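Each remark here refers to the structure printed beneath this line.
All chains are identified by letter, namely A, B, C and D, in their written order; residue positions are counted from 1 within each chain.
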Amino acid sequence: MSPDILFYFFAALTAGSALAVVLNKNTIASALCLLVSLVGVAAIFVLLDAFLLAALMVFVYAGAVVALFLFIVMLLDTYGGDRKPFKKATIVSSGFALALLVLGLVTFADRGALETPAAEASATAVVPVGASLRAYGEQLFTTYLLPVQIVGFLLLIAMLGVIVLSKKFEGLEDVK
Amino acid sequence: MTVGLNEYLYLSAILFAIGFFGVLLRKNTLIIYMCLELMLVASTVALVAFSHFNRTMDGNVFVFFILTVAAAEVAVGLAIIVALFRRRQTIMVEELNALKN
Amino acid sequence: MAVIQVERKPLTFAERTYIPQIVGGLRTTLKHLFRKPLTLEYPEQRPVIPVGYRGVPTLVKDPNGREKCVSCQLCEFVCPPKAIRITPGEIPADSTNAHVEKAPQAFDIDMLRCIYCGLCQEVCPEEAIWLQNQFSMSGYTRAEMVNNKAKLYELGGTLPDSHFKWDKKKSAEEHGNAH
Amino acid sequence: MFDFYFEIPHWIRLVVQGLAVMLVMFPIAAACSMAERKIAAWIQDRPGPNRTIAPILAWVPGIGFLQRLGLFQLAADGGKFAFKEDAVPGHVNKLYFIAAPIIAMIPALTTVVAVPFGAYIDSAGKLVPIVLANVDLGILVVFAVSSLGVYAVILAGWASNSKFPFLGGIRASAQLISYELSMTLSVLPVFLWTNGPLATDAPGSFTGSLSLARVVEFQSQAGFWGGAWFIFLMPLSAFIFLVALFAETNRQPFDTVESEADLVNSFGSEYGAFKWSLFYVAEYAHMLIGSAIFMLLFFGGWNPLPWITLSDVAHFLGFAHLPIVTGIVGIGIFVGKVLAMIFFFMWVRWTLPRFRYDQVMAIGWKKLLPLAIANLVAYTIGIALL
């Protein structure tokens, strides 16, 4: 069970379920495929030693965001068979775009791609980058102190925005 | 063949492309929204991979912010979709054509 | 009648937190946790049946072993759910009880219909049908739930009787004194 | 002594550990369901199930006690669930309907890996926690994985394709998401404290860790502040965590998710036999994990009493040099505490009536969340001033 096999397994899982998100006819099934995809990404993060991010990915994305999606889908009652079959032009152009993507990736790989920097060094490192919580704390509250403040402010504004959006205002509802 | 930076970047590119096509192809706002999330996640894969192989913290911290902002964005976006549905009784983009004529 | 406005006191802060009430409730349930069970372990332990309990209707015999029922069919008529079916029959002339004239040939009580109202007992002039302390009836088929005469006598047994009405009548007849 | 264990291949060890988790969790969860019936009976002045016994065992003298405790009823119930016809209603969404109970089991069993359940003293005289994966992330892993538990409920409710299960699914998702916030906020002061200024002079590096084992180690230091359990230091946090825990595990009085009175059995309505029992095993597993975390965070984990630690006891009774004995004693103390907590769950269940659904939401958002935030702010300022 080398990490390589794990990588290919989780990469296939992630990409496959991501594709299923797009192709699924049922919105709830799409949301669940998104969930699988996100858990796959979290596993990829674990392979990259970013344990905190993996846990956060599961906690925030898989635990809350997708649950919110499901909640809204059920609330709006719009699931089930809402996808019309794609038009022929769409399929052709998608195939063309897929060919372009493959071409791009192949060219990228063919040109020697990016060097994997110092692969040996990372293997010998005592603690891999992103594995310790302490590093995050230090970075967040020294170098990235201003972004942290801004993000906090952003969250506050988002909260206010959601409250305003979901509040019913008198009189506005009649305007159609 | 060992898995290096490039394989992670391929994965990231594929995920991003899938999300992108989802946004273009689907008519359901909720699905479009999920595909947007997929694109964000694809970018985080690339960032974490860069961070891991370059042995710096910056990419990881950036992903931290992406997660935070994505959570806020989903909350606001879904609230907008709900408000939209309340007003128009549909969430299909092709039926949201009030500005057309 | 004057309307009295009852002043309802506003809840105190402690009451609004609901915690003292929860603690009180927990104390009550804890007390019950260590209390002896109030239940009976039924098939082994039987409840005490009070006097006058109205269980399954049964037929009784008098202390001489004579069946009391004279098949007057009052119970059959009075029975609200029509659970009782009596086929009257004559008592053969060579019987010691021949002067009673009638006795049921068949006496069926359908326990699937019986509502244990006790009207049959109430109406019986001979005190022959009694609702006794038998409270549990069960069977595998509908037919089993119909108590026939033999079963009814088996359930009923003999009850004390100080009148001996028919014995008195017989002795009176024998002494040429037909009332 | 256990060296052979570390010499077998890694993946075999992982499989063994996984199986061990299941083999421990399933019977305990099943036993909890039996305990619930017995405690319900005792509180209501009844004896509870006390008759079932296997015919052969009935000849063993002295087994009547176990019979009266309902131990064989447990086996009979389990056997019934396993062999009952597993009917799938015709109108359900089959794939998701079958997937839901399986998904319910995943977080329930996975969270165990990050929960330490005992400690032993190694040859160097250091207390080593017994845990499947002693990661820095500790509590975060538990929260993250257990937050996936909501999908089982949503999925079961939706796939059942019927009204009451669907309503139950919606309620569950809203309730679980609401109380998760208060729960997370309520434990933050504990980790601020263990990683804060008081921690710097503690032996070993306590900083930069969310590990649950560290919290217990912190509670078993020498000295008044070190040995004090967090229930004394932050009772409000403990209270908020406890309330949120009741809500997260869908226990009474927050049992709105499967309220039998108004939603039949909510998301479980269409389920039967083994699939239904999986939901219940998952619920009890969640309760077990939740109680374990509550004990670790606020009640000193495997330490028998506040200010009296496991190693004190081990040295006093003279088995400190025997890691196995110390380990078993530690695990015993911890499991005893967790079971006491489970008893508390059941005790509350048979005491309090259920909150109405709008009350549950109001308590979560209008009372508990502000309280949790105020608590966090107060402790942050307090710890900064220390």
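Couple of notes before you dig in:
Just so it is clear, a contact is a pair of C-beta atoms (placed from the backbone, for glycine too) under 8 Å apart; a residue touches a chain by one contact, two chains touch by 3 or more.
Source: prediction; values computed, not measured.
Across A-B and C-D, it is A-B that has more C-beta pairs touching. If you average the CA atoms of subunit A and of subunit B, the two centres end up 6 Å from each other. One simple way to say how far apart two chains are is to compare their mean CA positions; for subunit B and subunit C this gives 77 Å. As a whole-number value, the distance joining the C-alpha centres of subunit C and subunit D reads 54 Å. Along subunit A, residues 52, 56, 64, 68, 75 each make contact with two or more other chains.
Multi-chain contact residues of subunit D (touching two or more other chains): none found.
Within subunit C, not a single residue touches two or more of the remaining chains.
In terms of inter-chain touching, the protein chains here are arranged end to end in an open line. Per the contact rule defined earlier, chains pair up in contact as A-B, A-D, C-D.
The touching residues of subunit D, when paired with subunit C in their complex, are 39, 41-47, 347-348, 350-352. Taken together, the subunit D residues at the contact with subunit A in this complex read 10-11, 96, 135-137, 140-141, 143-145, 147-148, 150-151, 154-155, 158, 166, 169-170, 173-174, 176-177, 180, 207-210. Every residue of subunit C that touches subunit D in the complex is listed here, in rising order: 22, 25-26, 28-30, 32-39, 41. Listing the residues of subunit A that touch subunit D in their complex gives 1, 28-29, 32, 35, 51-52, 55-56, 58-59, 62-64, 66-68, 70-71, 74-75, 131-134, 137. For subunit B in complex with subunit A, the residues that touch the partner chain are 1-11, 13-15, 17-19, 21-22, 25-28, 30-31, 33-35, 37-38, 41, 44-45, 48-49, 51-58, 60-61, 63-65, 67-76, 78-83, 85-87, 91-92.
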